[in-house]
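Letters A, B and C mark the chains in the order given here, with residues in each chain numbered from 1 onward.
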Amino acid sequence: MSEYQALQASPFLRRGRILAAVMQALLFASAALSVLITGAIVWVLVTESLPFFTQVPIWDFLTDLQWTPVFTDAHYGILPLLSATLWAAGIAMLVATPLGLILSIYLSEFARPSVREVLKPILEMLAAVPTVVFGYFALLFLTPLAKQFIPGLEGFNLLIPGIVLGIMILPYVVSISEDAMRAVPMALREAAFGLGMSRVQMAFSVIIPGAFSGVTAAYLLGFSRAVGETMVVAIAAGQNPNLTGDPREGAATITAYIVQMSLGDLPHGSLVYSTIFAVGLVLFVITLIFNLLGFFLRRRFREAY
Amino acid sequence: MNDLTNARSPAVTTASPLSPEAPVRAQVADLSFWYGKFQALHGVSMPIEDRRVTAIIGPSGCGKSTLLRCFNRIHDLYAGVRYEGAINLMPDGLNLVSRTVDPILVRLMVGMVFQKPNPFPKSIYENVASGLYVRGIRTKSEVEGRVEKALKQAAIWDEVKDRLKSPAYELSGGQQQRLCIARALAPEPKLLLLDEPTSALDPIATAKIESLIDDLAKDVTIVIVTHNMGQAARISDQTAFMHLGNLVEFGETEQIFTNPKADQTRDYVTGRYG
Amino acid sequence: MSGEADLEHAATMRLVRAKRVQDLVFGVIGILVLIVVMGLLVTLVADLLIDGVGRISPEFLTSFPSRRAAGAGVLSAWIGTTLVMLVTAAIAVPLGVGAGLYLEEYAAKNILTDAIEINVSNLAGVPSIIYGLLALGFFVYGLNLGQTVLVGGMVLALLILPIVIVATREALRAVPSGLRESAYGIGANRWQVMWSYILPSARPGILTGAIVGLSRAIGETAPIITIGALTYIAFLPPAPVSATPPWINFDWLNSPFTVMPIQMFNWISRPQAAFHVNAAATGVLLLGMTLLMNGFAIYLRYRLRRLVRT
């Protein structure tokens, strides 16, 4: 028997081969599980909201100006929840976009490596603060403080939670856009300096255009986060569906509504029970669109360099 | 030996086996290799004689490392590679690059030492024992005996015998490389492949490894890739000169360096290019 | 002639000075933004500390929640958090490391792998409350598991799975390819290479990712609320170890529970200020836990980077 045949026949090596095959199957299963999770999310959202959409015409759902599912005169228009969600996320973007841009340019182009080594962990710490703590801060510290400067600001309002959301997504946005900016090849920077540009000119005429799709992806993903954030708005923006054009008023977002309903006793199978899945489905679709856009922009950016 | 003289065989070849008293350990027969669409080896044929040192030389990019890495199928770790032809391991003529041969079993029979010393982040002892463990050799006395033997063969035993449990990373570069040779020797391989084993080392460490290779050739069949022609001349018995994926010339080392038959070989060994 | 050259020189100097001023101004703006952001973080921590730190006492840690704010504590909450985290870690770490290992070391570049990658990146962006809805519809009612420690742990595990996967992949990418080749070179099979060589090398990176993931899970509130776990819990789950055989029991998995962030949210929602003090105290503890975990992760990564450099 040749050595190769002996090795082939070795029971020890055969056991090793079997273990390796079993582990490969298990590892594949864990990777495939992530697809199953997405599938389960879609399946649960669709099947559990089906009773809602069989009773409420989709047109009413999208155009009715009131959301009063537990009233006797029930209305099922998602617009009040959607507008509050977009208000809060929009204010968050107003805060996060300029601050994020300045911070990421500062970190990638201005800060010395030693400074960056200190600053990045601090930003990570900011990202680690539990959302419920941010909610406490918005409701019990910032709102009372802001009331002294902003006349007409209600105890529950969209403005303050919006600003806090902006601060919350800031570390995330900065980390992605800084990565994108640092991926811009050094040669482009040298060329810009060679043309006699200042660092600021270089940042705005070379780095931002060069990292544009990556930076855009950061903001798309940040927006998706702001839209899906729950605790800050649930705590500080109130739980009253309110179609308003004034961010000083309180209004329930989609996420706040889901929280509010979950706090009470939700009879499984009731129409009210299915409303949280219906609005959840809308939330999922919105975030999915922004996540996918962000993903593909980011990937295209990575392939460019 | 018809396959040695077909259209894609080397331009110049001497009769093979070169010395009748030296049996052939492995026969490379019309071996071609592709990385995706790029053909890196073109019909290479040469014998590897038993318990002698065969050097593969040539300018960088000539395919010498690619050829060496076929012997233990390390190419198989990467997608899109393809072999044609054969490396027949004697005496049974097992084709190492055949699709039906398990590359893991090939690696159990063929040891390899890489360009950069790459001991595992474990102790010295564990490093040498690792090749035994994957074969199921776990009996403490047997493992200890074979670790000691391999370390002695690799001429590093005296330097490490008192600190077998310390991390391999504490050794110097040259010691690490000799440890890697011991690791490859412990399971008593049919072939020992050395891929530019001294290119990352200083001259003193290099000299140690060269004299070690000389000693080892009494017991082990060695194939070494080197970009250092002096090294090939000093330590090898046979030399293969490669260029652009072709085996240009193969013969006794002395003949290759003193009386090359192909012009390309002469230009290279006399330092006109490379 | 020389006057013209002087003029030109002066113009150049003005331009250089203008550029320097530009850079200086932007640098100052950058630092100002940093100060504002950091100031907010400091204010938040200080506000919580001022409101809540005086409330933290041994009694606070060993009392159940109560209708009387002054007598209430977080015993059931911190024990609940501990147990839920055990479940989360036990599920998310093996699954996340497994998936990361598969995607990085096994998967061929094909459509299926691509689909899994898009999917993982998308899962990372799914709002946490959607995971709550998944758990409510699937675990609580679909599988009839109820609002238990097991379900809480599972939903948080799903939530942090993408974090663990991404961290695992990054850690694996940092493993030098020479190690891979030499491990295969001694004739180890794929699993032996992974288990004995690749995973140990990637362990600090994976650990960092797992800690960051768990610190995220510890503060998550929305999905736990959504499964309907916001109830008055004035008892402890059965102990996981007992004095009689078989010594270990898993009844605690099926016990109702509450966790720290839920307890904090509960107290924020009360109108009485005394409960807000309890909320702040809980917030201090929660923040302390997450910052400690993140600080440890940052330290690990810092040490790892130094190890790689040397």
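Convention: a residue touches a chain if its C-beta (ideal position, glycine included) is under 8 Å from a C-beta of that chain, and two chains touch if they have at least 3 such contacts.
Worth saying up front: this structure is predicted, and the values here are computed from it rather than measured.
> From subunit B, what is the lowest number of touch steps before subunit C is reached?
The distance in steps between these two chains is 1.
> Let me spell it out: compute each chain's centre from its C-alpha atoms, then which one is farthest from subunit B's centre?
If we average the C-alpha coordinates per chain, A ends up farthest from subunit B.
> Quick check on this structure: which chain has its C-alpha centroid closest to the centroid of all protein C-alpha atoms?
C
> Name whichever of A-B and A-C has more C-beta pairs touching across its two chains.
The comparison resolves to A-C.
> Please report how many Å separate the Cα centroid of subunit B from that of subunit C, as a whole number.
Subunit B and subunit C have C-alpha centres separated by 49 Å.
> Nearest whole angstrom, what separates the Cα centre of subunit A from the Cα centre of subunit C?
Centre separation, subunit A to subunit C: 15 Å.
> Can you compute the centre-to-centre distance for subunit A and subunit B, using the mean CA position of each chain? Integer Å is fine.
Spacing between the chain centres: roughly 54 Å.
> At which residue positions does subunit C touch at least two other chains?
Residues 189, 192 of subunit C touch two or more partner chains.
> Would you please write down the residue numbers of subunit A that are in contact with two or more other chains?
Each of 16 in subunit A touches at least two other chains.
> Touching two or more other chains, which residues of subunit B qualify?
In subunit B, 105, 108, 134-135 touch at least two other chains.
> Residue numbers of subunit A touching subunit B in their complex, please.
That would be residues 2-4, 7-8, 10, 12-13, 16 of subunit A.
> Hey, which residues of subunit B end up touching subunit C in the complex?
Residues in contact with subunit C: 72, 74, 77, 79, 104-105, 107-108, 111-112, 114, 116, 118-121, 130-131, 134-135, 180, 183-184, 187.
> Along subunit C, where are the residues that touch subunit B in the complex?
108-109, 176, 178-189, 192, 196-197, 200-201
> Please name which positions on subunit A make contact with subunit C in the complex.
Residues 16-17, 19-20, 23-24, 26-35, 37-38, 40-41, 44-45, 47-48, 99, 102-103, 105-106, 110-111, 119, 121-126, 128-137, 139-141, 167, 170, 196-201, 203, 221, 224-225, 227-231, 234-235, 255, 258-259, 262-263, 266, 268, 276-277, 280, 283-284, 287-288, 290-292, 294-295.
> Along subunit C, where are the residues that touch subunit A in the complex?
Subunit C residues touching subunit A: 15, 18-20, 22-23, 25-27, 29-31, 33-34, 36-38, 40-41, 43-44, 47-48, 51, 94-96, 98-99, 101-103, 106-107, 115-116, 118-123, 125-134, 136-138, 141-142, 158, 161-162, 165, 189-192, 194, 212, 215-216, 218-222, 225-228, 230, 261, 264-265, 268-269, 276, 279-280, 283, 286-287, 290-291, 293-295, 298.
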